[in-house]
Amino acid sequence: MQDQNSVLEVEGLGVRFRTEEGDVPAVQGASFSVQRGEVLCIVGESGCGKSITSLSVMGLLPDSAKAEGSIRFDGNDLLAMSQEEIRQIRGNEVSMIFQEPMTSLNPVFTVGFQVMEPLVIHRKLSKREAYEEAVRLLEQVGIPDPRKRMEQYPHELSGGMRQRVMIAIALSCQPKLLIADEPTTALDVTIQAQILDLILKLKEETGMGVVLITHDMGVVAETADRVVVMYAGKVVEEADAETLFQDPKHPYTKGLLRSMPSVDDETYALEPIPGKLPKPGEMPQGCPFHPRCDDAMDRCRVESPRVFTVGPGHTSRCWLGEEEKQNHAGKSVG
Amino acid sequence: MPEKVLAKLENVKKYYPVRRGLLNRVAGQVKAVDGVSLVLHNRETLGVVGESGCGKSTLGRTLLRLEKPTEGRLYFNGTDISSLSARALQPFRNKMQMIFQDPFASLNPRQRIGDALEEPLVIHTQLNREERRERVMGLLEEVGLRRDHYDRLPHEFSGGQRQRIGIARALALNPSLIVCDEPVSALDVSVQAQVLKLLQSLQEKHGLTYFFISHDLGVVRHLCDRVLIMYLGQTMELAPVKELYKNPVHPYTEALLSAIPRPVPGRKRERIILSGDLPSPAKPPKGCPFHTRCPEAMTVCKEIRPEWKEVAPGHQVACHVR
Amino acid sequence: MANLIVRRLLQLIPLLLGISFIVFISLHLAPGDPASMIGGPTATKEDLASIREDLGLNDSLFTQYLRYIGGVLQGDLGYSYQTQQSVTEAIMIRFPNTFNLSVASIIVATVIGVGAGIISAIKQNTSLDVLSTVGALAGISIPNFWLGSMLILLFAVYWQWFPVAGITSPPWTMQGIKELALPAITLGTGSAALIARMTRSAVLEVIRQDYIRTARAKGVREKNVILLHCMRNAMIPVITVIGLNFGFLLGGTIITEQVFAINGVGRLLIQAIAARDYTMVQGAVLLIATLFVLVNLLVDILYALVDPRIRYE
Amino acid sequence: MAMDTAVSTGGVPVEAPSPEQPKRLASTWKRVIKNRLALVGLIIIGMQVIMAVFAPLITTYDPAVLDLSVKELPPGSKGHWLGTDEYGRDMWSRIVYGARISLVMGISSVALGLIGGVALGLLAGYYRWLDGLLMRVVDLMFAFPGILLAMLIIAMLGTSLVNVVIAISIWSIPSCARIVRGSVLSLKNREFVMALRSIGASDIRIMLKHILPNCTAPIIVFGTMRMATAILSTSALSFLGLGAQPPTPEWGAMIAAGRDFMWTSPHMTVIPGIAIMLVVFAFNVLGDGLRDALDPNMETR
Amino acid sequence: GCTPPPPNAGSAGNQTFVYASTADVVGLSPIKTNDSASARAIDQIYETLFVRDPETMDIKPKLARSYENPDPNTWVIHLRKGIQFHDGIPFNAEAVKYTFDKFRDPKTAAPRASLLKPIDKVEVKDPYTVVIRTKKPYGPMLAALAHSNASIVSPIADKKGDLMKKPVGTGPFKFKKWVQGDKLTLEVNENYWDGKPQLKEVEFRVVPEVSTAISLLETGEVHLIDTLRPENLDRLKNSNKVNVKTKEGTPVTYLGFNMKKGPGKDSDFRRAVAHAINQEELVDALKGVAHPSKGIIGPKVFGYNPEIEKAGYDYDVKKAKDLFNKAGMDGKSVTIMTANTKNYPKLAELVQGQLAKAGLKADIQTLEFGAYLDRNRKGDFEMVIGGWTNSTADGSELLYPQLHSDNIGATNGTQTSIPEADKRINQSRTTTDKEKRLKVLHEANKLLVKEAPWVPLCHDFIVTATTKNVQGLEVDATGQWTLKNVSLK
């Protein structure tokens, strides 16, 4: 199964939190992979496990979390590595941009210090070299007057600037994989467009794989090569972007697309998905989506659906998929 | 569109002082709202769009007289309320209400929902305990919550439910005007649609007027009758919703519309990517505030603030270029 | 920054006036007067009368206050009613001792407090955490005179590692350090407890912040994550506690000064109160209040150094 | 209309709203005792309270009656399991009766201080125009040496427990005021305050009904920490001869009185010292537990 | 090393002696001070015309050579020759006149001016003879002249400088350095007229906390402490490095009544209290460092006669109860005021216990000393526990200030006004005849013990603790000592 071209292969990833109420699953049996030069989008509502999935890849899960399954980066299983080995990779071969540009930079250090830090740690540059390199990186991400910015503190920059600094930090060691966790949610559309363009441009230049986490289907459509849809800790559908928007198979994906107001079509009727995402500790029996699903069958209430391949490179975790004639024997994990 | 004027703003300004230095002297001003004139009709929904920090919320709060305008006149139902005292405003309070952006932050985390909803009734009506309780139960059902939610605390609700509570509180006093300050931006995609539908149905039922603040042009298109585009405390463009989306006049409006990611893959449209960041509202540029980022800026834009002029019936814009 | 300093110093003037007025009034309201204390139990009516006359206590309160304040405004804190010595001089003899002791105790408190706080925060909810909480609370609940006497008994009388009491040498000499050690530990444990609790909660607060995750995501070593990225931010509230404590210590610590026979401001103050030595009390209180304000100012300046978001213009 | 079919706890809708107040208390209570340390604190305080209330039942000696024939007995002596003091008074009886005084003094002085501090802090935090003035007053109180204050109060009003309580409570006002002001400043800018203004709520209503309850966490932490200081302050005052009047079995006074016997009869200081430590410990861990339990967001975390 | 060199390191003449006092020296002028810490230092620096023999309590000449009374109002005092003040100027009659005139001048505002108040005039007869004249004969004259406050100062030094800071006397030690609140250093007066002392230096260290002072004594950093409380003795007894000396002293501690108002007006009540007080038990509780005596004038004070012990009220709880009933005290309670210094709070607690046994409930009110003094002067109390140190060791100097009606509103806090007693006290003051004085003082003592404005609780011991190597220290019954003959072995 080892794909020469893939940077990241996640298989059967499960993350559980130890809480006072007992073990709570946050991610269950998630599998996906990212190729070089590819943008994989993970979509889903807040709390469905997107961030936890990406943090597992970074080895940054909180102490109360336990991960199982396998995360292979460049062929090596990250979950089997020691903390020190993972640290060597973090910020070096895999790096991450976080959701909140306002709070992701340390307020008491200069921008320069923070950009130079990974260069010194991983690329073992001298202070001077690191400085020059950092200036180059800031320039690369489109920050005007980088030498002046180096001396400034995060609070002196606007949100868009800060997010660009974060990107500069993430790219400083030319990672093979960039994980961007909702990098533009806190920004305005005009700035969001700038940032997304930048990420795509850099991807083209360096050929890194990108995991982009978002819940905005518009962002997905404009950036993704392939899409993973998550619901309540599980991957419910995976497809290439085109297919997913044209021919969504999972009722949740369909609902998601219908509940987005359209900018271009004023006659478009909003069709919200009723109900709300279940809490991790209170998963309904059977398919987690069945209480909100219009097509729910009796079977859905008792039996958790398997993953069905419903088209080339297109899988769906829904019993409806069984009826699709392309009965590639899907593997069941949940 | 119903023609009756509900509220009117004439050159409304709201400046916040920036204090610094010895003895805390006022050293400058944030011009959060800088000369806005507009009319709000009965039963319409006016969408207000703009980047973060451009003064949308301030304008909304000033409209409700939660802030006293620094300058300008503010009429509600024909009465000038721009400088009334807190006491004199009391009779107007139940006619104008607000729904807040962050439903959680807008609820006292230690107050039970029932009490929070009863509070406006305690302040404004003579109803007794039982009557208030009945009214609150009715409100809960009206916004799609259950009667047994009465005793819960805010944190026991989901985001969508909390926003319903915010809506119920705004409805408690039968207002005619509701300022909705980004009521859905904190909600999940699937829940956002639920709340928008609720707002629509309530408007029909109660004949409400909405002042709908948002930065999501999709939502605005869906819900609003007219749209106001703001930038750095100033109005850039105002037009009926269809007109605005079809014929944007202001370069800023154009850029905004083009930057919205469309959920249609493959169709990578030509986006107008603006360069640079939003200037600080404490030091807004001279002339047209947008000229620093405007791809079509001319010399005159740097010097003279453009007039607020009508380019088509009901379509106003402030731009030298067009 | 200069602005801040000027402003604070200007604010000091009404503060000191207010304090001196309150002290003046309350001292005069308290039973007894300097004459009665100078005369002592043996003084006859004539004795008291001549002392009162001599000290000018027969003038109206208003006149007395004006006379005092007039002197203060010219930089003259006056003379002690009791010992007839210059108040300024009396204070300057004691202040260095109190200052050295305060610095030493705050160092002890900071080292112990911040250390214990960090450990209990990063080992949150383990037995180490509980242990440090219990230790901290024990530190607050042991009375200073008890701890001080015990330390003397063990380390000075029994083992003779440290001198029993008194300060004779400057604090930078070995002997000076030894002399300060026991009193500094006595005073430091109490403050250390507070600092530890504060550090713990500050670290817990900061460690949850996004930028700590960012630092880890960059591959920063855990040690540096805590000591560099986390502590620099967590220090901000901790500095307040340390500063406040330091301010209080500078005001003199009567019990510790008494137990360790340290000639400090606290003892001066309490003796002066006991002797109803109005001018001396006034002088000492004005000094303490000034120091308190200065320490607060120092804390604010430190804030700006630690946290670039704070700028005083 | 879209219905939010909440899949909440079990999903069984409870129709008739139950009497809510006891339920809330009970759930807070449950959360407190779930925290093991807080439970320990609660038990210790409970025991102290029982000791205080049933003092005459659980002691055999009058704590104030001298019996010089049995003075300075060490713990474990016959009839006096905790020993006796310099006047032959039973240590156990004195500790038990002392619980009454020390608890009442600690709690009342902290409570008084909190009332003053909260009032100042609320006003200063809420009204910008008052802030400058009130904070200067607080500065003044801060800079005024505490011991001088205590001595002045006692010199003026006489040595009595009530005056000691007054002195100590005045002493805690400034720190409390600062803490409360800090919370008020941040709460004041929260959206829910704006929401309250939008429905026309008065300032008093907002301050007392909405802002104050949200300051409870720092107030509780401060109050329980302050208990320690308060009880210990009485011992410091006794050390300077200003505390409780003999033969009152107040713990701080007992420690101070025992200091001359530290070498010959250390139990005279150690036993009340341990009593104080236990109370301080108990109040602090209980305070922590209470803060967590009262935090409405704890559950969602 | 953190301990100073062993105290017995140096040979004689090369030794530093350290005394720890709990209170700081207020000042070093005998004229302007009136506190015991200052007096201890003044006693080493200055000298008086007369001194009391520590053993016999007799008064003998010091700076004076001899004296005579040509008439009861005239004291002709012949001075020693060849004595110099530390500043080199000679000691003579001028110096004595200067000192006493300055002391008595109301402008000086000397706190103890009353000591020499009976003096009318001081005359210089010749360079070494002074004549002191009084208006009325003054009995306790010699005792007054032996008091530390009557020390002779150098006129030159007093005129030009500040004796409070830089003392100049004729004593065995002269001033070297003083760090206020910390340490006073004296050095030996090489030219001392009565033989050079063996110590080279003397340090007065302020150690406010007695237990710390004891620790210092145990480590040898301090050689003498004299402010011990009974509770400290057990600790010291176990120490093999320390000598504790106890000696009967002059200070008296009493339970006083307000004679003008409250229950104390009733003599039955006062007698009841007197019967309820068990002196033996008090002394026992004070670890035996006090002596019981029924007399107001105690055994070590001039005017004492052992007869007095029979005159006092014996310990009798039953009588006390009856008398309390008679005085109508059932169910009532009294308040005992006392200061928070010395043994007073402890005695108050013990007295409270004893009164309780006799059925009287007493509340204690301990006051800060200044407040105590204030209320005592105003007579604002019901009962009071207080003391008098008797630093002149003369009965007149006890009874006149404390129990004579002249001093109501000042030193006579109990506001005692018993004409019979007043008369005897006056007589004791206005005669210079020693025998006559003894007689009238005893009568006054008896009268007062019977009337009981005071119930004496105990008469204190003077307790000193020294390191074992201290030799030659003689302590007077008033607590006074000089280091002139002291050496460290």
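Order of writing sets the labels: A, B, C, D and E. Residues in every chain begin at 1.
In the analysis below, a contact is a pair of C-beta atoms (placed from the backbone, for glycine too) under 8 Å apart; a residue touches a chain by one contact, two chains touch by 3 or more.
Bear in mind the structure is a predicted one, so any value in this text is a computation, not a measurement.
Q: With a step meaning a move to a chain it touches, how many steps does the shortest path from chain B to chain D take?
A: The fewest touching-chain steps linking chain B to chain D number 1.
Q: Listed by label, which chains are in contact with chain B and with chain C?
A: Common neighbours, chain B/chain C: A, D.
Q: If you average the CA atoms of chain C and of chain E, how far apart do the two points sit, in angstrom?
A: That gives a centre separation of 38 Å.
Q: Quick one: chain A and chain B, Cα centre-to-centre, how many Å?
A: That gives a centre separation of 32 Å.
Q: Using the average of all C-alpha atoms in each chain as its centre, how far is it in Å between chain B and chain E?
A: Whole-Å distance between the two chain centres: 87.
Q: Using CA atom averages as chain centres, what separation in Å is found between chain A and chain D?
A: 49
Q: Of all the residues in chain E, which ones touch at least 2 other chains?
A: Those would be 211, 368, 370-371.
Q: Which chain A residues sit where two or more other chains touch them?
A: Only 272, 274, 276 qualify.
Q: Can you tell me which residues of chain D touch two or more of the remaining chains?
A: Residues 2-4, 6, 151, 155, 259, 262-263 of chain D touch two or more partner chains.
Q: For the complex, give me every residue of chain D touching chain C.
A: 37, 136, 139-140, 142-145, 147-148, 151-152, 155-156, 175, 225, 228-229, 231-232, 235-236, 239-240, 252, 255-256, 259, 262-263, 269, 273, 276-277, 280-281, 284-285
Q: Which residues of chain C touch chain E once you look at their complex with the stated criterion?
A: 30-32, 36-48, 50-51, 53-55, 82-85, 90, 93-94, 145, 149, 152-153, 156-157, 160-166, 175, 178, 258-261, 263, 267-268, 271, 274-276
Q: In the complex, go through chain D and note every residue touching chain E.
A: Its residues touching chain E are 65-66, 68, 71, 86-87, 151, 154-155, 158-159, 241-242, 245-247, 259-264.
Q: Report the residues of chain B in contact with chain A in the complex, numbered from low to high.
A: Within the complex, chain B contacts chain A at residues 51-52, 158-161, 188-194, 196-197, 215-219, 221-223, 241-242, 245, 255-257, 259-266, 268, 271, 273-274, 276-278.
Q: In the complex formed with chain D, which residues of chain C make contact?
A: For this pair, the touching residues of chain C are 11, 14-15, 18-19, 22-23, 26-27, 29-32, 130, 133-134, 137-138, 140-146, 149-150, 153, 194, 197, 244, 247, 251-252, 254-255, 266, 269-270, 273, 281, 285, 288-289, 292-293.
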